[in-house]
Every structure is written in C-alpha cells, then in structure tokens.
Amino acid sequence: MKEIIARLKKDKVGIVGVIGVGLVLVLGLFGPWLSPHDSTEMYKEHMLEGPSATYWFGTDEFGRDIFSRVVEGARVSLYVGLISVGIGASLGFVFGLIAGFFQNWIDNLIMRIMDILFAFPDILLALTIVAVLGPNLENTMIAIGIVFTPVFTRTVRAAVIAVKEMEFITSAKAIGVKTHKVIFRHVSPNVLAPFIVQSTLALSGAILTEAALSFLGLGIQPPNPSWGAMLNESRQYMEIAPWIAIFPALFIIVTIFCFNLLGDSLRDLLDPKLK
Amino acid sequence: MAPILQIKDLQIDVKMDEEVLNVVKNINLEIGKREIYGIVGESGSGKSLTSLAIMGLLASPPLQVSKGEIFFEEDKDLLKLSSRELRKIRGNKISMIFQEPMSALDPLFTIEDQLMESLKFHTKLSKKEMKRACVKIIEKVGIPRPEQIMKEYPHQLSGGMRQRIMIAIAMLCNPKLLIADEPTTALDVTIQAQILDLMKELRDDFETSILMITHDLGVIAETCQRVAVMYAGEIVEETDVVSLFHRPKHPYTKGLLKSMVGDRSDALYSIPGKVPSVEQMPKGCRFVTRCPEAMDICEKVSPDDLEVADNHRCKCWLYQKEMANHV
Amino acid sequence: MFAYILRRLLMLIPVLFGISVFIFLIMKMIPGDVVSTILGTEATDEARSQLEKQFGLNLPIYQQYLQWMGGVLTGDFGVSLRTGKPILGDIISRFGLTLELTLLSAFISWIIAIPLGIVAALKRNTSTDFGVRIISLLGVSVPNFALATLLLLVLSLAFSYYPPAGYVSLFEEPMKNLQMMVLPAFVLGTAMAGAVMRMTRSSILEVLRQDFIRTIRAKGASERIVIFNHALKNAMIPILTIIGMQIGTLLGGTVIIEQIFSLPGLGQMVLTAINQRDYPVVQGAVLFIATVFVLINLFVDVLYSYLDPRITYK
C-alpha cells in the first residue's frame, strides 16, 4: 500500500485525478455551506441573469441560482454514484465470489444471468428498469446498481479463479482450512486490487448514467437539481443564456474526467500488466 | 583469410531512469568465412545483446551501443550504416534465428507468407520463382511435403518443425553470416542433434559462417571451431575449441567445464553464486564474487584481455602476475 | 465455417430466451395495470374484463409469455396501445436510421481512434502519447448529451449553424441525410473512440513486445511493414473485442442522441413509448435492440475467428 501511494505521488495524472475527485467530494459534502443561495429558491426578478457577484454562475429561467444548483447537483451525483456502485459492487462481489469459488452449476446459472444483463446496452437497461419502477431517486440508484452488477461479478469471478490456481490456496486447503475461511482469509484480499479499480471506473460510469437518465427526464425529478436535468432544461434557453448550459455541462465533464483519471492511474498502478 | 565479421571493443549500455549502466563491454572477436564461431555463457551474460547489436536490433531505448565497431565483410561498419542500408543486409546477408521457435513466427500468417516476405524484401523474383525458391529451401531444411507445409499456420507445427522453418527463412537469401541465438535450447535432445547437423550441412552447402550462441558446451564441442566464453557482459576467454576443452585458462571456463562433465559418482558440479546484476557489478574483475582463485587485486582492478598462449586470449589476473605485482 | 456460425447461432437461443423472459417479467412488474392506463380508473368492470381478454391478461403468466413469444416468433409483436398500429412494422421502419447512425458513429470513431492509438504506441511515454491518453480519457468522460448540447450551442452562437430539420432517409436524399447524421454520429463516435484508442495503443505495444516481431525485423522489414502488416493485424483481435462491447454503448447512446437531434429512430421510439407508458412497444423495441446487440457481438466473434487461424471452428 505504501509503495502504491509512493508511486501515485510520481504520477501527475493520478494527482490531478485525486485533487479533482477531492474537490468534487468537498462540493458534495459541504455544498449547503458553500452555496450562497438555496438551490430551489426562485428569485423572480432575476430570471436568466448572467454571472454576477450575487449569482456567480448566473440564474436560470425561474431565477434560481445556478451555482447553488450545480453544487447541490454534485451532492446528488455523488450520492447516487456511491449508493448505486455500492449496490452493484456488493451484488457483484457476492455473486462473483460464489461463482468463482464453486465453478459448478451455481457458477453457470449466475454467469448466464449476467450474460443476459450484459446483452442490454447500459442506458437502455437502466431506462427500462426506471420506467418500470417509476422515475425517482431511489429507483434510479437501484437501476444503475443492477446495470453495474455484471461487470463486478465478472471482475471478481475472474480474480477468484486466478487466485484459486495459486499455490498458497491449494496448500491452505490441503492443511484442512475450511472452504469459506479460505475464501475470506485469502481470496478476498487478492481480489481487492481489480475490485478497487473497477469501483473507481464504475463510479464515473454511474454518475454518467444518472446524468443521462436525468437528462432524459427519467432520473432525478424536479425541482431537485441534477446536472443532467439542468442540462436538459437549459436547451430551450441556451442561446440567450448560454451559462445555464455551460456550467452544469462543465461540472459533469470535469467530474467524470477526474474519476476516470484516478481510475486509470489506479489501474496502471495496481495492474502494471495493462500498461 | 579475411574475416566475415569483426567486432572491435563493443560496448552496450542500458539507460535506466536516471543512470546509465553497462551491460556488455570489451567485446572483441573475428569470425572467418565458413567458420562456426561459438559464444557460450550463462543466462544473462549478454550473448543475446551482442548478437542483436550485430543485427542492429537492440531495443533502443533503453539499450544502446555506446562504443565500438562491427565490421562486416571487412569494410562495412554496421554501426555506421543508415537504417535503410542495414535493412538491406538484414535477412539477406546476415540473418538470425532465435531461441524460442514457438513464438518466433507470426501466428496470423501462413508459413508461405512468412517465407515469401523475406524474398519480397530482398529480391525481384516473380511470384512463381519465389514460390519455387521457398519449396526448395523447405526441402533443404529437411521437411517433407513442402507444398502442404507452406499452407499451414505456425500453431499447426511442432517446435522442431518451426525451428526448421526459422532456419529456412534465415537461409532463404543465402546469407554470408547466420546468427543462431540458442537455436536448440527449447527443443528436446534428439531434435536438437538433428537441427545442429542441419546447420553444419547448410554451412557446407551455402558457405555460410555461423555465430552459434548457446549456454551448452556440448553444442560448442559438436559444432564450433572457435569459442568465446562470456561472463557478465564480457568475453573472459577466447580460443579454438580444442584448447578450450583441454587447456582452459579462466577459472570461469574451468567451472563451466567441470559442471558439464560431472563425475558420475557425485552430483553435478555447479559454480557457486549467481551472475551479479547490472546494478551490482563488481569494480574489478566481474567474476571475483564467485571465483575460487580470487586475489586481492581482482576486487580492485579489472584485468586486461591478454594473449596467454598462441591464439588464446584470457582476461584473468592469474596470467598477469608480473603486472599484478606492479599495481 | 458455416457450421461454426450455425452452431453459434444455436447457442444464442438460450441467451435470447433469457433476454425475452427478463424483459417480459420486468414489464409485468409495472405498478398499476395496463388496462387502467388505457381506460382510466373509472371504467366499468365489463369494459375492463373485455380488454383484459383482448390482451390475454386473464391467463396465467406463463401462458401470457408463450402467447407473446409465439407472436414475436411469427413476426407479430402486438400493437401499440397509443396508435393501435402493429409494433414490428414501426420498429423496422425506424431501425434503418438507428443502424445508419450506429455504423456511421463506429466508422468515425475508428478513423479517429486507430491512427491515434498507433501513434501513441509508437511514441510511448512521450508528450504525444500523453496527449493521446488525455484525449482518449476525455472521449470516455464527456457524456454524449453534454457534448451534443455544447456543440449545438457553439455552432449556433459562433457560426449561426443549425442542423437541418425534417428527417430525410439516406435513400431519398443521400447528401442531406448525411449532413444531418454527421453531427450526431460524431458525438456518439467520440465516446467509443476513447476506449478504442486505448485498446489500440496497449495491444500494439503488447504485440510489439512479442518475439515474432523481432523475426520480422530480422528479415529486413521496414517499420512500416512491421506496424501495418503484422502488429496491427495481431492487435486487431483485442481491438475487435472492445469494438463489440462498444456497439452496446452506441446503441444505447442512440436513445439520447436521437432525442436531442430529433431523429425518428428506434431509440426515440423507446423513449417516447416509455414516456407514454406504451409498454408493448417498449417491450418489443427493447427486445429487438438487445437481439441486434447480441447478433452484432456474434458477428464480431465470427470476424475474430476469421482473423485468427488459431481459433478452430470445431
């Protein structure tokens, strides 16, 4: 671990990623204290105003402060991202461990189900699930969590199988350590590296999917701010008030970019083979 | 007789993050026409790097030739040629076969494609003539039913077959010099003997000189006229095969020979210790860490490469005692 | 070869079966029933049961599935709740546009990604390589809807350019059609380009490390031949895998992009149907898209084995 941190220090791209992700986290966590206005408050006499000292990023068509909404949007994005990756990763971890360790009919069953989930384009799957469950925050997170389950399952399963082939597992079994103990004592730590990398990348994927769903009107519902929804609403007015499109777009892009930078560096660090 | 290849004071360095480390140094040797010249040494002694340097195929960066000359056919210094001129020689007048026949052929092309490629680079033959040349060379390397083999892919052939194909590719343009980097290491013993016989035969038919690289003294004994023994990037002893086996000078060579014959009564002898890594190269003689006859001087100063008998060079303080006393 | 394809097609049957069951079940989980959606909550019981019968909703669930599947297999996807028109006809007439958009995007992404990936590999660890890495990460990171919105914004503000309205098909007016498609295809293609670029770079590097590359150089090949005849062909195998996976992203992306650019494709159809709660249409269209995705992946697999002689057709 120390060595990894030391190497990460040398990796400038990784540092930019860490800083960017850190800033987004700060925005998400301390948003309410950072934003000068309430994100849903409408200042009727200040509709579609450009950036100014009071309204740093300008206001939207209802006179709401865009900066505050963007900050609030960061919170929503992170929240949705973390919870849905949490769902996907937990499901994937359990399924992957089971499938990889037993490699029998259970494995077969789990992997075929994952194949089926894989057969849907991500957005389409999320869209369909949300459409069925009804568009709101919780269902968005569930839908995205399900979308990301197969990736985690496959990653974990592959890692488990690779680890199982290693000698120390065989010897642990040979000296009579119980199967489940073997799994948790030995396999889990070794699965961790690919799992962490996958999680970082999935986080950016989840944030992106949420933004896309909200953009399509099927994710976070108004008046709650979501970057995707803000961007969608902006399209009507963007020619006369470009700022209402530019700021949310910029925040989505930078956030996902930083997560990807971080994930990418982590992958290089933890799995030099892929470099 | 004029040599076909002459290496003078060759030195190869590897550029690490910040520092430049030496991997091969003070290589001097001459290969005559029709001669089979051996280089022998443990794994990591720099045999492959030396041969790749001749071909101009060192992976640079990080590897680079930092000093020396390599004369081919007396006057051409290979190290000074442009990459275009070098390409004309590569695969044509000098060709090379590698240690690993299993991975040395492109898996996506048929044997025919891979043979023809060489001819396309170096000749202006028509397609038909090329094909005829390919068939002929495949027969020459002892593969029956050449027409059929040409249509196959590498993964369909055995290791021995692939090595024969490699030799065929190498011999296709009738080279003056063939560099064989451990051509038989990956093969089992009977195939090994066949391949070595084939190479000797080709040497006679094509009048090709061969640089035979190996870590197996048996291969040397069977094929070579002259031998250089390499250790940790340097030639420590160089002489004809008979002298090497009967009157070895360098303690390392003696160790190698001892580990080769090994009395039946006890376990096979092996030289204690390991080749020092590039980062921890001793300041004086590079063999000092493992030498049974090491003296004080050996740790401090590197010995010269001196002629210790007729046509017999050795790089060891044991034969430079008068000088050692002066230092 | 033919037998191999046939066998792969047969192997698809269980997957497609699973997909259809999944879609069917998920549609059954919709809260509130279709009948009240159509008739409203104040309908008489008689009208309700009549409609239920018409849709086969009074049958046990497995029979409902069999009925639906039987229809699908004979080319009857049912009718739209809104328009009453057969669903399959609509799907097919819209599929052309989506397919064109997908292929065009894929094409655009390759002509950007593969050359840049090669350059990055050849100039590994230089500033060029670094630049390509950043570009590819940007490509992956910029959501297509954000890129589309910003592009439209810039084009309209700076160049007063608006994409032509009123869709025409490729066969009616090819030039106008291409004009309309280039922008959406570019937007979709960039996301895929990022991943393909990275894969190209890493697989070229991987191939260049292999022993056989040294053999080819030892034959006297020029770098051009080494790269284009051998390295690229070998690298193509992993690149193809990524391309197959990315096609899914493209197909999904069409849902958003068709919406933004007002293109009447399959994606727009799904979205409209979801918004209108026209579930038979959603069910049919999603099944269709998933099937296309699976078939494209099969095609990529076949291409794969065509490229690589080591894969046997047994």
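Letters are used for the chains, namely A, B and C, taken in the order the chains are written, and counting of residues starts over at 1 for each.
The definition used in the following text is that a residue touches a chain if its C-beta (ideal position, glycine included) is under 8 Å from a C-beta of that chain, and two chains touch if they have at least 3 such contacts.
Keep in mind the model is a prediction, meaning the values are calculated, not measured.
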{"item": "Topology of the chain contact graph, where touching chains are joined (line, ring, star, complete, other)", "value": "line"}
{"item": "Two chains sharing the most C-beta contacts", "value": "A-C"}
{"item": "Whole-Å gap separating chain B and chain C, where each centre is the average of the chain's CA atoms", "value": "53"}
{"item": "Whole-Å gap between the CA centroids of chain A and chain B", "value": "55"}
{"item": "Inter-chain centre distance, chain A versus chain C - centres from mean C-alpha coordinates, in Å", "value": "22"}
{"item": "Footprint of chain A on chain C - complex, ascending", "value": "14-15, 18-19, 22-23, 26-27, 29-31, 133-134, 137-138, 140-143, 145-146, 149-150, 152-153, 156-157, 202, 248-253, 255-256, 259-260, 270-271, 274-275, 282, 286, 289-290, 293-294"}
{"item": "For the chain B and chain C complex, residues of the former touching the latter", "value": "55, 57, 87-92, 95-96, 98, 100, 103-109, 117-118, 121-122, 153, 155, 166, 169"}
{"item": "For the chain C and chain B complex, residues of the former touching the latter", "value": "210-212, 214-222, 230, 233-234, 307-310"}
{"item": "Contact footprint of chain C on chain A as seen in their complex", "value": "13, 112-113, 115-117, 119-124, 127-129, 131-134, 204, 208, 211-212, 215-218, 228, 231-232, 234-235, 238-239, 242, 245-246, 249, 252-253, 256-257, 259-261, 264, 274-275"}
